[in-house]
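Have a look at these structures, which come just after this line.
What follows is chain A paired twice: with chain B in the first complex and chain C in the second.
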Partner chain A sequence: MSPDNLDIQNSLDKDLIASVTDLKVYFESKQGMVHSVDGVSFDIVDGEMMGLVGETGCGKSVTARTFMQLVQSPPGVLAGGNIKFRSKNIKNGSQVIDLLDLSENQIRELRGERIAMIFQDPGKALNPGLTIRTQVAEVFQEHRENDVLEKAGLKNKLSGVTEYFVKKYIKQEAGFLVTTLLKIPPLSTYKKKIDSGINRLVAEALEETQIPNPTKVMERYPHELSGGMKQRVMIAQAIACNPDLLIADEPTTALDVTVQARVLDLIKELQKRHKTSVLYISHDLSLVRRICDRIAVMYAGQIVETGDAETIFNQPKHPYTQGLINALPSMSHERGKLEAIEGIVPELIEPEPGCRFVSRCMRRKANCEEIDPKLKPISEVDKSHKVACLLYEA
Partner chain B sequence: MQIRDYIIRRLMILPILIIGTSIIVFALTRIGGSPIGIYLSHEMSPAEVQEMKERFHLDKPVPVQYFYWIKGVSQGDLGWSGVASAPVVDVFPKKFAATMELAIAAGIVAVSLGIAMGTFAGARRNKISDHIIRVVSVSGASMPLFWFAILLLIIFWVWLGWFPIGRSDPNLFEAIPHPTGFYTIDALLAGNFSAFRDAIWHLIMPAVALGYGATAIIARMMRSSLIEELQEDYVDAAKAKGLAERVVLKKHARRNALVPTVTVIGLTFGFLLQGTVVAEIIFRWPGLGRWMASAVLRGDQATIMAYVMFTSILFLFVNLVVDIIYAYLDRRVVLGD
Partner chain C sequence: MSNSKNTILSLRNVKKHFPIKEGVFQNVVGQVHAVDGVSFDIGAGETVGLVGESGCGKTTIGRCVSGLEPLTNGDIFFDLTPEKLLALEDFEKHQSEIKNKHLIDEIQSTSNISKIEGDDFYNYRRNCQMVFQDSFSSLSPRQLVSDIVSRPLKIHKVCADNELIPRTIELLEQVGLGKQHLYRFPHQFSGGQRQRISIARALALDPKLIVLDEPTSALDVSVQAQILNLLHDLQKQRGLSYLFITHNLSVIRHMADKIVVMYLGKVVEAGKTEDIFSNPQHPYTKALLAASPDLSEDVMSDMAALDGPIPDPARPPQGCSFRTRCPVSRTECGWEVDDIIRRLEHHETLIDSIKSVHQPDAFNAKLTFETSLSAIELKDVIGTNDIPKQMRKAIKKIEVDGNDVNISFDPVQTVPLVQSDNGSLSRCVLANK
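For the complex of A and B:
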């Protein structure tokens, strides 16, 4: 293990918000263990937009979900590695924690609060049976009890049983009895105030993502909104608590091309304004180049190349990255002809040693099938540009 | 379309459906031949038989007989029940209340237990508790009602003597008024607690026997649809907001899992009504089902027609209610067209 890797195990570099080290997530299947994420390491610099690029099934979404412990187990198995995260909790100051070590309750406190996520298809990620208001409100109810009380004008004005009931109601922990009591006077006045307080917070959150007429949109159900609008709702929900890290899992893939650009600009603008770090996951290299500071390219469960967005795009080193960039359609291409990488992604069930890309690689060498390439800096000068390929190993 | 408009529209269609049902019911019953037999006795002379035929309009063509029947029904005359030796209208309400009390009790057992069991099992997929519930519900769905009912009868009445059979002690219920005909509700209205307890006591065994099959069906549906919902993205999104497992399950997943389950519940109601016939015979429950069984055996067509008409109308209403709940649960459902 190299010395800088050891360093990360104990603490986190000052300029980093998160660091993934040797992450391994496997899935049990009847045919054997599927090595979906197999030794992934990358850093996210505080305040940057980090792009994670790869084709469908390469493990990028699983990597993202692991940040929040959202991988279902079983069948998911966490086979190794860690994710260090700097939680900038205002009360306790900043604090470095391993996200994979946290208990269910501890990770729950971070979810939606310090780490938030935008999903690929907003049509599926919003509950069809609940209004927009109900769904966005939950973030505030879970993490912003004090804000809710303040907006309701009830801060420091409650005590005893009333306070207990009202807080239960905000936290969605109220049982049948408390819910009923809050529906009848005198407690119903508090409920009304809390509800209107929540309404205001939700409206503000929706306004933040430039949703017109937030008070009207709030009362709608997801199916009554357009795709772009739904994704704005998802974004509003994600940034409601001003998280340190925003994970965007292909947030524009399910949208119309015309809406994509606007949603993308919105994410970029919000990221700049709130200085949020973003992990942007996409299969679209040109899109990632447009908005991300750095890029990590993933192939078959492993990172094959990482570096500055421009460097990766202009001087790709790994044959896979080169193939990806070559496959991008451009105006100068001949009509009706699209470049592609030959071959198919290998099976990830109990994979053989050696480079995963070898079967599709145009530049393979004799020992590529035997030796696992390690992710290493390409030169002594530029330590940030790393590639996992035997071609560049001395 | 608004839910209110939808209800009004459905209610307007209802009479047409009922008239259609009545034609089918009448035609199907008359296929069994003339119902005159039930009104006759051995001592009657041919002239008296002819007189009987005329009295019940059985000498007319079948379509004309239908109009006489409908005319009677609209005037509150459902005909003469040979089995009960009384006008159908006089016997029907009491027996109907007894059957409804049993069916509703079984329905409450089935819906509450079925949804609870299904949710529990679905949320704990492939764990021990899930396997147990699955065994319980598979046996519930596959055991014939008459067999299970007799089993209960032998164990809890014959051997253990924990539960009685029949419907409540007549002495207790002679004394109180019967505004609804439901013994449990009547006892509560009268404020007679010992009568209420007695009514519940008599109700438990037949209700459990009758409700078990429906419980199993509802539990299985609930389990599978909850498992399906738990795979959806919105469940992950809800978790990603930091919500507790309990809130994710109850507020997000269960609500959507109820949509297909409610449809099944509506159909199950028909299943329950059908089951009352067997349950009433085995537990000596003085309801429509038992009356109906003897009416069918003895060709008491007036009773059969009244029964089938009534249960059909009931079924139509239950399905209307199911549709309304459905629309409430799933806002994407566009009612009507």
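For the complex of A and C:
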């Protein structure tokens, strides 16, 4: 690690697992640069569930994808900022790294191992041409070589060339020569043992997400499973390596309410059991309120308000947050008019300075169009509740 | 329902089955019971909400109502006067003694949407419009907004050619768009605006009924509120009736006067919105309500969830169709042999060792196993707590005979929709008492 990283290590608070500072992700387009994520900063407290809420196109998914360097470049441009992440449980203890500084190989080691992701549509995120077993096994084969060997009963029993071959096989890097050799005894017996070891690991992982009879499900293809089951497989895949940070990108949007409740319970339970930190991305406020400890509200590429879930819902300060909460039809409301936020989300191509919400804001002031509001704590007492609005600036 | 108003739409035991075809010759091997005997009425100026999980048949009903799918069975009547509705109900009660045959015949020929022809059918099409869920795929990407919105006007020849554009602008203004949007393509609009165009198109012919198939589920909350307000205002101005199909309970609570809850192609509960939300009768409605998060609820309250998958609609359970997932199931829910087989999926070895199943009807079956050991094991499994207690009680006879196991249940009739205390209808054995 370079000396730079040591500086960062000192600067990440003890109780945080990750911290995003002034993140800027732009996309090139014919009309100009699209400022999808424009100066986003937030912290994820270790072992907590952080909710990132916002409307379509506000940049919440891009933010999440930047964690794993999944934003395609070009057209994506990383225009600034950093994501500090405390990687625990690695050989030399816990260590703070900047996720955006890592090379392709380094981030590959983290993906699925320390940071895992659950995608929105399990129907699209799972490969339709591979069995569930193959897809879940990949995580173990990539990151948990020793576990596989242990399950196969081959740990510390192999040596030299045999070990090299077997490991190649586990890593799915076996070329023609190794594949052929693995068909001949005694290597073929090792291969069988490895296969059954992987099977057992996969079955255990599936079992953890409450999938009934995992050994059967394992041999199926994604289209043979229901939406809820597919999402469980995704979750099994994500938590297989017991990651430090789990990014859930609208994991229940494609599911029915009854199934959604089950999947949420599952995520919450697994989070508690493994003490995983979760970044939960959703557009559904009522859902986020239920499961998240802390919330950040995004609008047009910026965070407008952040704080404890209860504070945000009981005392929303930013006009956008207030509007969002009022726009939601609620079971206790009287029927009739909903308080809609009029207007549409502004274009994010080379945006003008000033508050992004100004065109839709009911409480705008004269200088709102000129001054870019900064995310600041609302009071001296509660430092965690921050708002980016001129109304609250002295 | 007040008797002075017309009934815009009346569904009477509507069934829609889709054939399952197989093989080179496309032989029909089964039927998917998408909609299985649904009845409800929509009054003039009323909003009826249709709720249920995906695959429960709510969209199929919408398509049947708007005439996009022919019915397998049953009738849909359009625009009935109170007298006609009474005559029809009377006719259904006493089928044998037909009092006013000519009135019934008249209703059948002028109001039954699968029997009307010519001008009447034209008139029905004009008066029943639809707004689809996905405005990306329901607006042609190659047509300008002016074409899209004025198309119904042209087809039904409601205004002269030189009035087309002014009328189109008027329609766009009604949905909060304007003249400047006339010559644009759908892709130039945001999701909310596109949904407004769909609504303008539906309004063009001044219909009596609009079928709204999940009109806001692809939209953000702030835009959803705009669209819901728009629909609300239009209904007030024009006295429209809506059939509002959605899975979002908070939206339906906000929009609907009456609610119809569907499960597996059947209505499980129907009644006034307030009644259903304040005092749901059917366990399924209760589960749905408990599962949907809402801002007004206590955060710490448990989100109840349902176990198990939705049964295959090609082989819907007899008796109560919800019993396989029901938290309060009873002995008399209509358990059948298929339930045992569904449960056996947890016991892989057992289900693998079944050689053949001889099933004369849903309540009796002879399972043949490869070994007598498995047959005895099945009996043991049924004795354990893996099987719901209520289901075990419902088994009339279980006998092991060598490799065979004979199982029989008490046959149970389909559970009827019954009026409960608060006036809503519910289909549950608990409400029957």
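In the analysis below, the second predicted complex is superposed on the first by the 375 of 394 C-alpha atoms of A that agree within 3 Å, B and C clash if a C-alpha of one lies under 4 Å from a C-alpha of the other, contacts with A are read in each partner's own complex, and residues count from 1 in each chain.
FYI, a residue touches a chain if its C-beta (ideal position, glycine included) is under 8 Å from a C-beta of that chain, and two chains touch if they have at least 3 such contacts.
Just so you know, these numbers come straight off a predicted model, no measurement behind them.
In the superposition on chain A, contact of A:S61 is made with neither chain B nor chain C. In the superposition on chain A, A:L130 makes contact with chain B only, not with chain C. More residues of chain A lie in contact with C than with the other chain of the pair chain B and chain C.
Legend: residue contacts after superposition of the two complexes on their common chain; A:L110 is shown touching chain B, with no touch to chain C. Applying the stated contact rule after C-alpha superposition, one finds that A:T276 touches neither chain B nor chain C.
Of the two partner chains, neither chain B nor chain C is touched by A:N199.
Of the two partner chains placed by superposition, only chain B is touched by A:H223; chain C is not. Applying the stated touch rule to the two superposed structures, the chain B and chain C interfaces on chain A have no residue in common. Those residues of chain A that touch chain B in the shared complex are 65, 68, 70, 104, 108-113, 116-117, 119-121, 124-130, 138-139, 142-143, 172-173, 221, 223, 234, 237. Chain C meets chain A in the complex at residues 53-54, 190-193, 220-226, 228-229, 232, 247, 249-251, 253-255, 277, 287-288, 290-297, 299, 303-307, 309, 345-346, 348. Residues 55-56, 212-213, 215-216, 226, 228-229, 256-262, 264-265, 283-287, 289-290, 309-310, 313, 323-325, 327-333, 335-342, 344-345 of chain A are the ones touching chain C in the complex. The touching residues of chain B, when paired with chain A in their complex, are 232-234, 236-245, 247, 251-252, 255-256, 329-332.
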